[in-house]
Amino acid sequence: MLNKVTESAAQAMSNITDGATILIGGFGLAGQPAELIDALIERNARDLTIVSNNAGNGETGLALLLKSGCVRKIICSFPRQHDSYIFDDLYRAGKIELEVVPQGTLAARMQAGGSGLGAIYTPTAYGTLLAEGKETRTIDGIDYVLEYPIKADFALIKAFQGDRWGNLTYRKAARNFGPIMAAASKHTIAQVSEVVDLGVLDPEHIVTPGIFVHEVVHVGA
Amino acid sequence: MNNYTPWSVDEIARYVAQDIQEGMYVNLGIGQPTKVADFLPDDKDIFLHSENGVLGMGPEPTVGEEDGDLINAGKQYITLLKGGSYFHHGDSFTMIRGGHIDLCVLGAFEVAENGDIANWFLGRPKDIPAVGGAMDLAVGAKKVYVMMDHVNRNGAPKIVEKLKLPITGKKCVNRIYTDLAVIDVTDQGLKVRKMVDGLTFTELQTKTGAKLIDNTQSI
Amino acid sequence: MLNKVTESAAQAMSNITDGATILIGGFGLAGQPAELIDALIERNARDLTIVSNNAGNGETGLALLLKSGCVRKIICSFPRQHDSYIFDDLYRAGKIELEVVPQGTLAARMQAGGSGLGAIYTPTAYGTLLAEGKETRTIDGIDYVLEYPIKADFALIKAFQGDRWGNLTYRKAARNFGPIMAAASKHTIAQVSEVVDLGVLDPEHIVTPGIFVHEVVHVGA
Amino acid sequence: MNNYTPWSVDEIARYVAQDIQEGMYVNLGIGQPTKVADFLPDDKDIFLHSENGVLGMGPEPTVGEEDGDLINAGKQYITLLKGGSYFHHGDSFTMIRGGHIDLCVLGAFEVAENGDIANWFLGRPKDIPAVGGAMDLAVGAKKVYVMMDHVNRNGAPKIVEKLKLPITGKKCVNRIYTDLAVIDVTDQGLKVRKMVDGLTFTELQTKTGAKLIDNTQSI
């Protein structure tokens, strides 16, 4: 009997080592896997590359992870936001590397990574500084930039319900990057508000099938 | 002394709203454009899209009804209309990049007469670049409307022949709504559709860094 | 009040003209929009390019469409199957053009079309006859073939429930190509077994949001 | 007279099934490979994937319980296990091409010693090419096992040094299950893991179009 439910967030972090690339779900605070991030900070693996839409705000979650000094580089679309002073200070002090990627390109690169494509031509950012130095091509009269997949060692995401096969549902706009991050990483850890018995999730309503999920951690709702 | 009163943000938002037809899928950028939602007609089905996986955004929730899992791209609490839906970021940007969004309304620092836009990066050494979905919207939406002040804080025109700021979207703007005028970006040049009462075309031209064409009579 | 529900399948076909490219949903008979295909045959637009996984079997649906002589070219992954004699005869007589595309590449090309990508590098078919004459590239040690998007004028798909905004759900494995075809076409017509009131479909369970759907046709279940 | 009896399709299927571990995501190709499902252990969670958007396939439905919307890639009626799920073709081939399927079992016309496969097109002038998902599986699954007769109807070897038929997948096969033997495709060559009782290695070699290595002792 296969059971992907892991006892604790701490245990789920045990395979994460120095130098790992980790996708972290969430858009602002919605869908941010706060408890998994706390456990990752505890884990204290160093030299991490983090891929997430934002770079954290305030003194919790992603921001705290950056503050912990574990992160060498962050790939995101929108680092500067309300209360993102931890990132801002690290960046201005040259203590963290930043790769800014348009939000749709971030999503498309993860989807390319998850689906085994080698590269994609996207029209986004053509002719701007985010395309500088990148290969371009005109196809049917439209200009495109060549972008490469994002694949990661781990994904930490937040879902709503999960079962022992790793099937997941999400809640409202907290879904955001969860499903595509799950597919783009070798080892996906999902924190869920509820663990349900196999068969409770309607096969028509499962958003992320268990094939993309390796560990499910129950956290207080 | 001015013999005219610039339009307020609410007034500009109302003009934008008037140009949105029933059945359109619309993305309103962070900041001023968000205001447009307040002036959409209640009796028409217009679909507001948010990059973070929401279609059919409704009005702000009442106090106490806020849900941390239901926010818009500006991270403000929202509601969902009956008939709305949730989806992941991949699908959300399929909607944007794939040309399924009829209209997006963006803020801007500068717009050039050929429709180039500078709207999220000033390019100063200490600035932290933060693009979000702005570039995907600029490239992907069927129409891009810009909503901004006509001149900047120093009185310099924000509508220019060529961008002085770093370009963030090429030839993508279709129409500009400012506090002084509504201007179409066309192959023939910048055509003024409408001006604030009391403002002359000549005055408007002096506040604009590119050649304008007076088209107010033919609208 | 926007209402995408169209009175009849016949009426939904009224914009389809000669030379159109049409995506037709279904995998075998599951998800094949039989009533819409019948109406398309009635419409008698000529010189069509059809994109579908199969090329029909027996004397119904897709097979009948081919027999009607309306189709100039078919793009599919698996034309030859049990009882596909109508296609087989047309093909051997040189009366229909065939472009065979690996099933996953067919899906990926539609997804590229729907999401505005200019081209993709896929590993599928590299070094085989289906890649002959195509551009290739080695990325990180893996060989890829360059494939271009499939975009269409129309998609005819079969869904389960639909509402007046065009939101759709599907039934079991009849989902197959429906959602990605809806996104890859300019004008998507969905036949549904049930039209439901706005708000009946749970926003978490809508599979195809109305933005991808232009007409909904109710057919007898 | 042979002093051995070739394995039946059921026996081959049983050997394949024995090599599938709990927790694996498996795609069984159309034809012989479908049989493998019958020999999977009931007490282990093994997930069968079907290209047409199904994960967690269960056994055949009982008569009268067939559902036209619930079929596998071979268009046969199936059932869904508790915990199974449905998804669209894009997601289904993300699973395949993205390397999420642990194992696929395919039929084949020929396999070369370097793992090249010819498995869906004979290349005769009148043949209608019909690839389906075969090429995506060959390229995308973490492991590719082939299940086929050891020789063709004319007695000619189907395991060869170089393919005579058109190649349909490059260097993708990891193991071959025939009615006579189980053979690993390795960088060092074709290593025989197991043979039918009564068959000698020398006899097996004569029925094989590429050099074999006897590895039966070390398995």
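Per-chain numbering from 1; labels A, B, C and D assigned in written order.
Heads up, the rule we're going with is that contacts are C-beta pairs under 8 Å (C-beta built on N, C-alpha and C of every residue); 3 or more make two chains touch, one makes a residue touch a chain.
These are the chains along with the protein names UniProt gives them: A, C = 3-oxoacid CoA-transferase subunit A; B, D = 3-oxoacid CoA-transferase subunit B.
This is a predicted model, so every value here is computed, not measured.
**Student:** Please tell me the distance, in whole Å, between the geometric centres of subunit A and subunit D computed from their C-alpha atoms.
**Tutor:** From the centre of subunit A to the centre of subunit D is 35 Å.
**Student:** Go ahead and note the Å separation of the Cα centroids belonging to subunit B and subunit D.
**Tutor:** 56
**Student:** From the mean C-alpha coordinate of subunit A to that of subunit C, what's the distance rounded to whole Å?
**Tutor:** Each chain's C-alpha centroid was found; their separation is 32 Å.
**Student:** Starting from the mean Cα coordinates of subunit A and subunit B, work out the distance between those two points in Å.
**Tutor:** Subunit A and subunit B have C-alpha centres separated by 29 Å.
**Student:** Quick check: what residues of subunit D touch more than one other chain, meaning two or more?
**Tutor:** As it turns out, subunit D has residues touching two or more other chains at 80, 86-87, 90, 93, 97, 139-140.
**Student:** Do you know which subunit A residues sit against two or more other chains?
**Tutor:** Residue numbers touching two or more other chains: 108, 111, 115-117, 122-123, 170-172, 203-204.
**Student:** Looking at which chains touch which, would you call it a line, ring, star, complete or other?
**Tutor:** Contact map by chain: other.
**Student:** So which chains actually touch one another? I want all the pairs, not just one.
**Tutor:** According to the stated criterion, the contacting chain pairs are A-B, A-C, A-D, B-C, C-D.
**Student:** Which of the residues in subunit D come into contact with subunit A in the complex?
**Tutor:** Per the stated touch rule, the residues are 22-23, 25, 43-45, 47, 49, 55-56, 80, 82-87, 90-91, 93-95, 97-101, 139-140.
**Student:** Subunit B touches which residues of subunit C in the complex?
**Tutor:** The contact residues of subunit C facing subunit B are 1-2, 111, 113-117, 163-165, 167, 183, 198-199, 201, 203-204, 206, 209-212.
**Student:** Using the touch rule from the top, collect the residues of subunit B that touch subunit A in their complex.
**Tutor:** Going by the criterion above, the answer is residues 50-54, 67-71, 75, 80, 86-90, 92-93, 96-97, 121, 123, 126, 128-136, 139-140, 166-170.
**Student:** In the complex of these two chains, what residues of subunit C are touching subunit D?
**Tutor:** Those residues of subunit C that touch subunit D are 27-31, 53, 77-82, 87-88, 91-92, 98, 100-108, 110-111, 122-130, 143, 170-180, 207.
**Student:** Can you name the residues of subunit A that touch subunit C in the complex?
**Tutor:** 108, 112, 115-123, 137, 139-140, 142, 144, 148, 169-172, 202-205
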